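Per-chain numbering from 1; labels A, B, C, D and E assigned in written order.
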Amino acid sequence: MLFGIEWNTSNDWLFAASILPILLRGLLVTIQATVVGFLVAAVLGLVLAALKAARSPLIAWPARALTEFLRDTPLLVQLFFLYYVLPEYGILLPAFLTGALALGVQYSAYMSEVYRAGLESVARGQTEAARALDLSPLRTFGVIILPQAVPRIIPALGNYLVSIMKDVPVLSVVSVLEMLKVAQIIGDRSFYYVIPLSMVGALYLVLTLIASAGVRYLDTRLPKRGLPLK
Amino acid sequence: ASLQQIKQRGSLRIAVANEIPYGYMDLQGKPQGVGPDVARHIATQLGIPKIEWISTTFSALIPGLRARRFDMVAAEMAILPQRCGHVLFSEPNSSYGEGLLVAKGNPKEIHSFEHFARSKDKVAIMAGADQLEMMQALDVPQERMVTISSNSDAISTVATGRAAAYAATSATIHQLVDKDDRVEAAAEFTDPVINGEPVRSWGAFTFNLDSKELQRAVDEELARFKQTDAWRQIMTRHGFSEADADESFNRTREQLCAAH
Amino acid sequence: MHWMNYIAPLLEGAWVTVQLTIISTIGGAFFSFLFGIGRLSPNRTARYLSVGFIEVFRGTSLLVQLFWLYFALPLIGEAIGINLRLPPVAAGALALSLNIGAYGAEVVRGALQAVPREQFEVAKSLDFTPRQTLWRISLPQAIPEMMPSFGNLAVQNLKDTALVSLISLGDLAFKAEQIRNFTQDSTTIYSILLLMYFGMALVLTAIMKLLERSVGRWRAGRA
Amino acid sequence: MNEQAIIRFERVVKRFGDVTVLDELDFHVDKGEKVTIIGPSGSGKSTVLRILMTLEDIDEGVIHVAGKPLWHEERNGTLVPASEAHLRRMRKEMGMVFQQFNLFPHMTVRRNITEAPVHVLKLSRHEARQRADEYLELVGLSEHADKFPSQLSGGQQQRVAIARALAMRPGIMLFDEPTSALDPELVGEVLTVIQRLAQEHDLTMLLVTHEMQFAKQISDRICFFDKGRVLEDGPPEQLFTEPREARTREFLNAFLNPA
Amino acid sequence: MNEQAIIRFERVVKRFGDVTVLDELDFHVDKGEKVTIIGPSGSGKSTVLRILMTLEDIDEGVIHVAGKPLWHEERNGTLVPASEAHLRRMRKEMGMVFQQFNLFPHMTVRRNITEAPVHVLKLSRHEARQRADEYLELVGLSEHADKFPSQLSGGQQQRVAIARALAMRPGIMLFDEPTSALDPELVGEVLTVIQRLAQEHDLTMLLVTHEMQFAKQISDRICFFDKGRVLEDGPPEQLFTEPREARTREFLNAFLNPA
């Protein structure tokens, strides 16, 4: 029994059917962690990208080093670090938030690169034309560059959303009750491991196929020339 | 694997769950604890020259046995009826009661597992460990339980307030207390009463279902060893009381597997 | 200083991590080529198998794959009477190779498709068989294109090895957990751990860059 | 040297790394004058326009535009490097048309033209719109105001770009090869617009082009650039028919009778 | 129709989708003959060569090469579509030189030439190397044998491509505009090599080119293609000086005096 739902071990199919609702509870947590992690990464990534683009090397250089460091160290270790070390300094977050933060921190490094590439892909000629018309730097960024960069950035961010989802099981080690953890608990209690683990695999496959299709759809629907301004 | 095969191979694969004082690895990677110390003696007696130690998480013990990743578990896993159908147990090696790890000064005044059925405080338990069943039997709702994956997470979980207490066996609690002065063992602790009886666990070695022969051989050597002072010394060295040691003779595997 | 005591066991774990990274990167390269080429094969079975493989291993979580290979596969093997009980190192290396191989297969496919069509036409006009064309003409031209992506995948792979600690393999992350279990000194241990992984990643990146340069030597003179 | 000059370069040096692109350049354009720059590729023609538009800075020398130093400011009687605010003020004098049009692809034609008047000149939307329609009329594209640039031909896009620059009412218009990215059949429509501008407005115009015939018709003066200097300049009839310098003759020959 | 023909197209039809590119084409080349195909863009010149090299298949008709059907095999007295093995055998008769050279960029010049002889003809490395050096000598590139293609000029690359095709000792050489991707100053060196081949070897040569002067010198016969058919053919003197067809005259005029 988990979440008040009993399972039925009389045969494999009934067992699978009876644990499905339990796994779906875990799936809900998986999706929540994905979304929160993604939002954190999107915001932190933007900050990192801005810092890296700073004129002063005193700001840009450490930001670049930090990005490299975050990209080159395992999510698991970053997670442990946040989970065990932050509380030593009085920052106490629930396991779920710590996990989502770890996902966000790791992926912020990747996303900062997406932002940078997206902005740089907007032709230099656009900036020059804006400058020749004397548009202010702020307006140039907000009205000329950003609307053109967004359609290039969003699909790439979407792909990272899928990656984050696939990394959520790592949070099970700090006992976030996401799908894999739920499957493990079912296994611990029922002593049947193959079925819950296989079901998690299958659910993941379905989920990522849907999400990837969604990203592709979005990619075809976004206006390539930029968000239209009338 | 049959005893014959193990002898031929020349090594016995024993898993521990990294739980002090039941079975764990020290800094040099040497296995320590009640389980490994006794198992080492038994292996020598059985004429097996070498032990391959495998350190893993508690929840990986039974799956590992079932997947035949090791021949035996020396983690003082409690003999429970629902486990008996899936793995084999030796006769009890040890016996232990329950305990609670709480923050220094026990600010929430927690003295029993039953506390969590009544208050909104959260209790930490280890994934795969018996305390989950106890909590459920005491009607502690799922949301009040925080699952951690190893004992080493317990101190920070409690010290930082992720949970008000960590529920584990008394021996575990006592050794955790020594590690950090932000935590202490709950004083005036009363063992949970389930089905009218105070809870107590009997820990034993565990085998795969088809290792009957090995089980029998271990039983014999264990029975002999438990009569010696050497065995008593192992128990006391690892924080088990004389009463705990005596208690381990009061139940048989058969009784424990049949309970309910 | 206390942290000095951690270094020896951590280095022991780091050595396991290094071995695992090397084995699974090589294994990953093997699967990349196998399924990347398979995806472009004229043989329909080979193509479907490759697509299936790529989708499954890219579409599920590495940790799920790892647990499945470690805990579930032996039980399935038992049910059908084969010994599928991979030792932890093998299960870990296999899961990592398959996972990274699925990503690598897409890299291989992309690079092969980027070889100009004309090269295939010349090869045909010189009467090369399709197999000779693949091995002698298109692959050698595609490999330098793949190298930057392979470099990223190798670092990804190094990071992913940390997950094998969860199936009890004595790698760097596992050793660190053991030490922390003992000492509760989280800050020091995890800081050392992060720095060690970072250092290894920098070395790996440098090696992949050297490799990239050596396989692409013929491109040096390109305008 | 002409003191009436609205643009004046004095010993201007511009380097990219080791390469000296403008080599102590002296050069001027009078108010209302139409000047065409010709010269071999890499001789620094675009660089001159880009420096005027403050898209590139200079390494040495001084440039005056409308009597004021462009890249410097007078403060307490000495010249100091210009502030961004000064550059913004100076840029208002000039409009530029690029080889690649550089329209904003995500804005309609009308929005392309009104964006800067509204946000830089602070015109009301209504005024800006009227002004946009006026210049769209001038370039003959009134009926395309609500389209996006990608829906227009190259020639139409370049005409929008011209309208966009004009809508800021600059005193000086800079054109950098405005027709060389166009298919041959579209060149004419753009040249016609520029010609009309040259004839009907008292704009100062500085133009880089390879359309020699056209340059001859509209220019008051042609400057031949070579290696970052003005090698020769003069009225079109003189320069095209009897160039003084051998290098100029060679260039014009190669140009008119390609190998 | 000449029964000695080493290449013979009979009512060959080739379509790409709805477009008929070869329209019941009849066409032949005799053994040892040097034939040049000329004609407007899109008339099917390249397609003829590509079909011979089996890079494209045909929709209708029959082609014979060296007495054997190219795209068909005789089996039990009837013609069936050719197997891959048959195509391989037939391809051995021919070598092709492409407009874009298409050297293998990852191999040295020598390796480019020896690769097919070693792996297709199964020559020993030693023999293949000797043969490569012989043909490198012929095209005048002996000292470049160990360079990579990217280190050579376009003209040198095309000469390597010719040597590479020759090293397979084909009886028939096909050239598809071998000089049109080259800078003008490099065209000559390639033409010289082809001319030497035409004069010194008894190869059959089928060439597509726009170098009319060159075609005149080396060809036994010129074929003028139009809309997927041979509109007119004959010895170069006749075809160039007094073409029978108006269309041919028009083409030659346009070609010799471009607009």
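Definition applied: a contact is a pair of C-beta atoms (placed from the backbone, for glycine too) under 8 Å apart; a residue touches a chain by one contact, two chains touch by 3 or more.
Computed from a predicted structure; not experimentally measured.
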item: Neighbouring chains shared between chain A and chain C, ordered by label; value: B
item: From chain C, the most remote chain by mean C-alpha position; value: D
item: Taking each chain's C-alpha mean as its centre, the one farthest from chain A; value: E
item: Winner on C-beta contact pairs when A-D is weighed against B-C; value: A-D
item: Angle of rotation relating chain D to chain E [CA atoms, steps of 5 degrees]; value: 175
item: Whole-Å gap between the CA centroids of chain B and chain C; value: 38
item: Gap in Å, rounded to a whole number, between the CA centres of chain E and chain C; value: 46
item: Geometric centre distance via CA averages, chain E-chain A, whole Å; value: 57
item: Whole-Å gap between the CA centroids of chain D and chain E; value: 51
item: Shared interface positions of chain B, touching two or more other chains; value: 63, 66, 156
item: For chain E, residues that touch 2 or more chains besides their own; value: none
item: Where chain A touches two or more other chains, by residue; value: 84, 88, 172-173, 184, 187, 193
item: Which pairs of chains touch, using the document's own definition; value: A-B, A-C, A-D, B-C, C-E
item: Contacting residues of chain A [partner chain C, same complex]; value: 69, 71-78, 80-81, 84-85, 88, 166-170, 172-173, 180, 184, 187, 193-194, 197-198, 200-201, 204-205, 208-209, 212
item: Complex interface listing, chain C residues touching chain E; value: 116, 118-119, 121-122, 124-129, 132, 136-137, 140-141, 218-219, 221-223
item: Residues of chain A defined as touching chain B within the complex; value: 1-4, 83-84, 87-88, 92, 94-95, 172-175, 177, 181, 184-185, 187-189, 191, 193
item: Residue numbers on chain C that touch chain A, as the complex places them; value: 55-56, 58-65, 67-68, 71-72, 75-76, 155, 159-163, 165-166, 173, 176-177, 180, 186-187, 190-191, 193-194, 197-198, 201-202, 205
item: Residue numbers on chain D that touch chain A, as the complex places them; value: 53-55, 88, 91-92, 94-96, 98, 100, 102-108, 111, 115-116, 119-120, 146, 148-150, 164-165, 168
